[in-house]
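Some structures are shown below for you to check.
Here chain A shows up in two complexes: once beside chain B, once beside chain C.
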Partner chain A sequence: MAFEHHDEGHYTVVKIDESRFDASIAEAFKTYVFDLIEEGKSEIVVDLAAVRFMDSSGLGALVAGLKKLSGNGSFSLASAQPAVKDLFDLTSMDKLFKLHDSVDEAVKGD
Partner chain B sequence: MSQLLKLEIDSQLSNTTLVAMAVRGVCAMTTLSPVEINRLELCLVEIVNNAIEHAYENKAGYPVEICVDLDKTMMNIAVSDWGQSIPDEVIQDKAEVAVDPEYPETWLCSGRGLHIVNKLMDQVSYESDQGKNSFTMKKELRH
Partner chain C sequence: MNILIVEDARDQRLMLSVVLKKQGHKVLEAENGKEALAILQEHQEVRIIISDWMMPEMDGLELLKETRKSDLGRYIYFILLTGNTDHEAVVEGMNHGADDFLAKPVNFDELAARLKAGIRIIELEKQLEQQKQQLVQAIETVEKDLESAAKAQEVLLAQPATIQHVSFDWFFKPSKILGGDMFGYQAIDGETLSFYQLDVAGHGIPSALFSFTLNNILSESSGRGSIVKEKSDQEPFYKVRAPEKVLASLNKRFQVTPESMLYFTIAYGHINSRSGEVTVSQAGHPPPLWIRREKASVEPVAGGGVPIGMMPDMDYTSCTLQFQPGDRLFLYSDGVTECENTEGEQFGESRLLQCLMDTLNDDLKSVIDQVEKNVRDWSELDRFDDDVTYLLLEWKP
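This part shows the complex of A and B:
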């Protein structure tokens, strides 16, 4: 299974258990996250620790998750690796997403 | 003297990894830094994804050809398909929508691939000739 999730306090941590978050799995991720949001999960942290490569389709799936919440909750990212951080810088997506160094830090709350 | 590597995959997104890894291997022979190699891999994947998703509308069973031409001064990568060509207005659209956290309509879920490639590669070009569409991108090498 490419994705799994568990609850930590009122946060739902979604782990991407793949080294490549690309076009081949982006749509499946979107469906997975949309299902969670429709079940009522609204404080989402995506754990990117395993992801070594992300393309614009992976990025688009994250944006789709953020948009799906329509401001009713939070959608943040944790443990982004260097190539993933670079993609966020290149596309200015660091303006949209809060990037935490770790899941622990993300679920501590603001 | 230049060296040429020609690869072909079937038009399935899961095959993109194969060319990405092969081209990373070629990059390891060059003076590109780890960050530059990651970026070149990203550009290659974006263009191969485009060929599969747009030229072939995500249908398997069609060829995507990747030619890597390497010499001491540059690496040239051409990605070719025999499907629908990219419309001129898409190729010429160099202006990227600026992301604004205040305006969700600027939070685009797709359409970033070509902008990323235009930003990261030293030169890009696109041509269609007798049903073969080729997107060529060039990276200069330190020597």
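This part shows the complex of A and C:
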């Protein structure tokens, strides 16, 4: 299974268990997160610790999740590796997502 | 059905032959395995073999092995005749690919029933083969269509040219037949040229179609709907729209829905062909590289914004550079820097910068070729995993 999730407080932590977050799993991730949102989960933290490489399709899937919430909740990211951070930097996506150093920090609350 | 009987005992062979012919089958006969193999090669229509086990020259089991080994272009349904209910023989026969068994002496009702089962299998196999052929043809049609679409895409690409003292050259290589990268340049008025290079997320047909649309929109420089100009109260009643405003209006126009993930990154800019002033605005794109001849340096152009389509109401900024004669700007898609070698290491910006430094005094075409060579040498593959595109311009007043 490429993805799994568990609840921490009122947060839902979604872990991506793949080293490449690209076109081959982007669609599946989107479906996975959409299902969670449709079940009523609205505080989502995506754990990127295992992801070594992300491409534009991966980014697109994250944005799709963010847009699906359409402002009713939060969608943040945790534990991004340097290469993934670079991608967020390059694409200025850090303007759209909160990047946390760890899942613990992400679920500590606002 | 065309059936081959392999049996060394002449009377047995004849009897089987007569019975099968009566049931309406076409029958060929062989005395041993060797003869049978020759007949199989020659008569493509044979689909079922009924073979005795013990025979001189080549026995039934050997014939079975040879049949399964050779590439006959069709499945042969193989029925082995066994002397008695010898379980070990049955197991050995099955292990070597026998489809069915018939005990001797042959009961003809049972033979007819077992043949029926065989014929069902052969018919299924024929259907599968036909469906496979149809699929192969369908794929060929799709690929032909894609190739003509790729030709259409090539026609859209601007040709290397010098416009108002600004020279342009480029490299464009989709990873599949069609790509989601695009670029262009044109004169907007007597002293302003626009240029861009963009990369639609993903590759393949949806991305390519979107890149076609964007090319149309960005190359429309006259008329009321043009995105590169805006209205003005004074003569000539238009002014060139600033790059950051062009990006903001593209972003307004193309918002992705949660269901579609088609967004794009772009570097878009203007160059004033008289003054050499360059203005560049970016949306999630790799920073263009400013190649400064006199200073002998290559510098990434700062600034950046969110890719187009990600979020509504994004502001974009632009960066202004004062070119000296001979200065160049290199715009590229991430397929260049993210190209991986066999160890999974990316080509990266620093190698690209070095390559541009090394070719500081070469002409545009040589720079284009040299970058391609470096990236290809890096990847060691004859294809790229992502679309690879770059655009180089030079100001020489």
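Please note the rule applied: the second predicted complex is superposed on the first by the 110 of 110 C-alpha atoms of A that agree within 3 Å, B and C clash if a C-alpha of one lies under 4 Å from a C-alpha of the other, contacts with A are read in each partner's own complex, and residues count from 1 in each chain.
Here is the rule we go by: a contact is a pair of C-beta atoms (placed from the backbone, for glycine too) under 8 Å apart; a residue touches a chain by one contact, two chains touch by 3 or more.
It should be emphasised that the depicted structure is a prediction, and the values quoted were computed from it without experimental measurement.
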item	value
Joint occupancy of chain A by chain B and chain C, clash or fit	clash
Contacts of A:G60 with chain B and chain C, given as first, second, both or neither	both
Partner chain(s) touched by A:L96 [first = chain B, second = chain C, both, neither]	both
Touching partner for A:K68 - first (chain B), second (chain C), both, neither	second
Which superposed partner A:F34 touches (first chain B, second chain C, both, neither)	second
Touched partner set for A:D17, first chain B, second chain C, both or neither	neither
Chain B and chain C contact sites that coincide on chain A, given as residue numbers	23, 55-57, 59-61, 63-64, 67, 90-93, 95-96
Chain C residues within the chain A interface of the complex	199, 201-202, 256-259, 261-263, 265, 283-284, 286, 304-307, 310-311, 314, 334, 338, 386
Complex contacts: residues of chain A adjacent to chain C	23, 26, 30, 34, 55-57, 59-61, 63-65, 67-68, 90-93, 95-96
In the complex with chain B, residue positions of chain A that touch it	20, 22-24, 53, 55-57, 59-61, 63-64, 66-67, 70, 82-83, 86-87, 90-93, 95-96
Residues on chain B engaged by chain A in the complex (per definition of touch)	12-14, 16-17, 20, 35, 38-39, 41-42, 45-46, 49, 52-53, 98-101, 104, 107-110, 112-113, 116, 119-120
